[in-house]
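If you scroll down you'll find the structure; I have some questions about it.
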Amino acid sequence: MSTLLLTGFEPFDGETLNPSWEAVRQLDGELLDGCRIVAVQLPCVFGKALQALCQALARHQPSLVLAVGQAGGRAELSLERVAINLDDARIPDNAGAQPIDVPVIAGAPAAYFSTLPLKAMVAALRENAIPASVSHSAGTYVCNHVFFGLMHAASQLPGLRRAGFLHIPYLPQQAAAHASGTPSMALPQIVSGMRIALRTAIQTVHDVRLSGGTTH
Amino acid sequence: MSTLLLTGFEPFDGETLNPSWEAVRQLDGELLDGCRIVAVQLPCVFGKALQALCQALARHQPSLVLAVGQAGGRAELSLERVAINLDDARIPDNAGAQPIDVPVIAGAPAAYFSTLPLKAMVAALRENAIPASVSHSAGTYVCNHVFFGLMHAASQLPGLRRAGFLHIPYLPQQAAAHASGTPSMALPQIVSGMRIALRTAIQTVHDVRLSGGTTH
Amino acid sequence: MSTLLLTGFEPFDGETLNPSWEAVRQLDGELLDGCRIVAVQLPCVFGKALQALCQALARHQPSLVLAVGQAGGRAELSLERVAINLDDARIPDNAGAQPIDVPVIAGAPAAYFSTLPLKAMVAALRENAIPASVSHSAGTYVCNHVFFGLMHAASQLPGLRRAGFLHIPYLPQQAAAHASGTPSMALPQIVSGMRIALRTAIQTVHDVRLSGGTTH
Amino acid sequence: MSTLLLTGFEPFDGETLNPSWEAVRQLDGELLDGCRIVAVQLPCVFGKALQALCQALARHQPSLVLAVGQAGGRAELSLERVAINLDDARIPDNAGAQPIDVPVIAGAPAAYFSTLPLKAMVAALRENAIPASVSHSAGTYVCNHVFFGLMHAASQLPGLRRAGFLHIPYLPQQAAAHASGTPSMALPQIVSGMRIALRTAIQTVHDVRLSGGTTH
């Protein structure tokens, strides 16, 4: 049976939970279209997060990987299009490191594109009443770090057919503790959206041709 | 038994539903702290909305009224502080009228403040993981029109102890059809928030002293 | 000769300047359409700001008053429509006071509307390439405090034909020290916009009928 | 004498001017730190824009190139960090073409990083009172198309030591015609900021180590 690997992060930046882990842990062990879902938590630490990811790749030999991270302040599920070979930390990570302007992996390419069928996934989410869009920057913190490391590994693992990164909003309880106006998404909706996104990724051979770009 | 009147609006501005009506209809007939909830739908039409409200006030003789409306683009429950005596429609209402710079009620005061314990309500919502804040403008469309008419009526109805207005976000299915980045709130969360807000309004005698203001 | 009184505030909230004072001081002494402009600085202190305003009203006997304040985070000139009888300070004022949920003037009405021809002023500004709009909340801090006190005084001064409040953005040097993405407006443009707005206020007898409202 | 090439775009998306061309044309022919500035206008057309850029590179043999484009809705000068090998047009270009999910240059790398000293440039701009930041997405329209083509060409031109892309806000007259709240920047400030940025790029050998990243 094929394995789908989901990763979520431990809390960071003063939060007591991370919605990415709260969401993916709910899908751990579930069967989806004949595939088994495995959920793994990653530390919010440069370097160590990638080591944990690579161990999970070696152990579970997944055919599809969706790494998930918190994007506090965004209002919808956002599927990342491009991982860049750059660490530039605005705040220290959970081990106190704050790399600035260094590559994720020295000598690797400047960027990788997600190999998920992003347009089909966004279309399926919206049809199912879940706000979603394509994003063209995953930032320069541990999320992008893991996304880039994942895509670099995937470029060398023929069995890993598809991989990508999903940013999700704060949960309501997090937004309630932030400044007025901070958007959020309820956990059941995030989990439901992840099932829709994964099922679309499994079933779609060629991505659909729908505009998802931005003028800047 | 005391009656709590909730009002919601019919859809407007091209939407096929209005989250305010979807939410309040779920509470219709419910008992809350010994009070009976009655939900009434109002047309999104200047004048007629107020007539429907006044009929409901006469028929149900509520001790507390919470009028609810859609605030597309806001991310949280927002309790309105002040109703102003002004109609200035950005778009025509559902009957095609677009009043500009006319009073809601000629000869009435310039404004009324909500008589709900807003600070206690916001605090209770946040403690229960629901993003909420006080807002200082309900706009100048049919929402503010109803809010102003409600407060004007309440000023003349001794039995109506408390009244106010709640703006709520788009539902996720609405946001999914709008521009990327539009925030939303799930219906179960809105309904749960309305119960918390109403219970707090029933139980609070004197509002708490918490800052909820803005510098501009 | 008729006098136009402009007021600006001293710096607050950790800033070293206040764009409202930087702008109005440039117009001090200028003649505009046969009127003399007088600019006065107000302290950013509840109570004292109003005392200083009332002294200026008594001394200069203006026929028109435009009070101006900083609205950090707004991107355009915003002409305030309504002053509310409420102090609810998010941060302490320059004397350390932080009033919460008290009236500006006990026993006064809940609100006053600006008596400036706001729609004509916004139209003239936009025609002259200056971003501008009508705002329906001046907040609940010292700006609204002064705006409310001004309109209350104006209601008792027959010679003071028109009065209102203008919120202006940060200057570029302020925005450069705030978070990425903070909007600003250059000082020459603010000053030029104030001349256009004042001239329109002097020349307009009946305001134009243009939509300037919001749905919420 | 060394040549600095600046490019700006013709108007698009219904605008009657493009601030990027209005700004760079003011610097055409100017001497800066011993370098001569040449400004060239590019069509807002996929493919043709790159052809015009390559002709200008061949003709002027610049040692430094700064391509400039309009980012309507942004509030500050934003220096782009990464160009991606992707066209995904949200709206048709000025020739009516709307490429979706195709590479800018087939067979080229996924991305290139700007070779300008971005952190030093942002620091210099802020010290000189001009709001600025590093951006991690130039979008997927003609701006990114030109940015990517520029960096690809630069990778093969040893004499072109440094190249990058600057996104600038709407001018005030443009913002005045858009929705309320649209930010803008005055033209003299944009031009002054471009001089500061260029001078810093000429004088900086090694970029400074300052955080300019985002968590997402």
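Labels A, B, C and D are assigned to the chains in the order they are written; within every chain, residues are numbered from 1.
Operating definition for what follows: contacts are C-beta pairs under 8 Å (C-beta built on N, C-alpha and C of every residue); 3 or more make two chains touch, one makes a residue touch a chain.
Please read all numbers here as calculations on a predicted model, not as lab measurements.
Which pair wins on C-beta contacts, A-D or A-B?
Most C-beta pairs in contact, of the two: A-D.
Per the centroid of Cα atoms for each chain, what is the distance between chain A and chain B, given in Å?
37
Go ahead and note the Å separation of the Cα centroids belonging to chain A and chain D.
From the centre of chain A to the centre of chain D is 30 Å.
For chain B, jot down the residues that touch at least 2 other chains.
74
Work through the pairs of chains, note which ones touch, and then classify the graph as line, ring, star, complete or other.
Looks like a ring, each chain touching just two neighbours.
Quick check on the complex: what are the chain A residues that touch chain D?
Where chain A meets chain D, its residues are 13, 69-74, 81-82, 84, 86-91, 98, 100-101, 109-113, 119, 136-141, 143, 167, 207, 209-216.
Across the complex, what residues on chain D touch chain C?
It comes out as residues 74-76, 125-126, 129-133, 171-173, 175-177, 180-186, 188-189.
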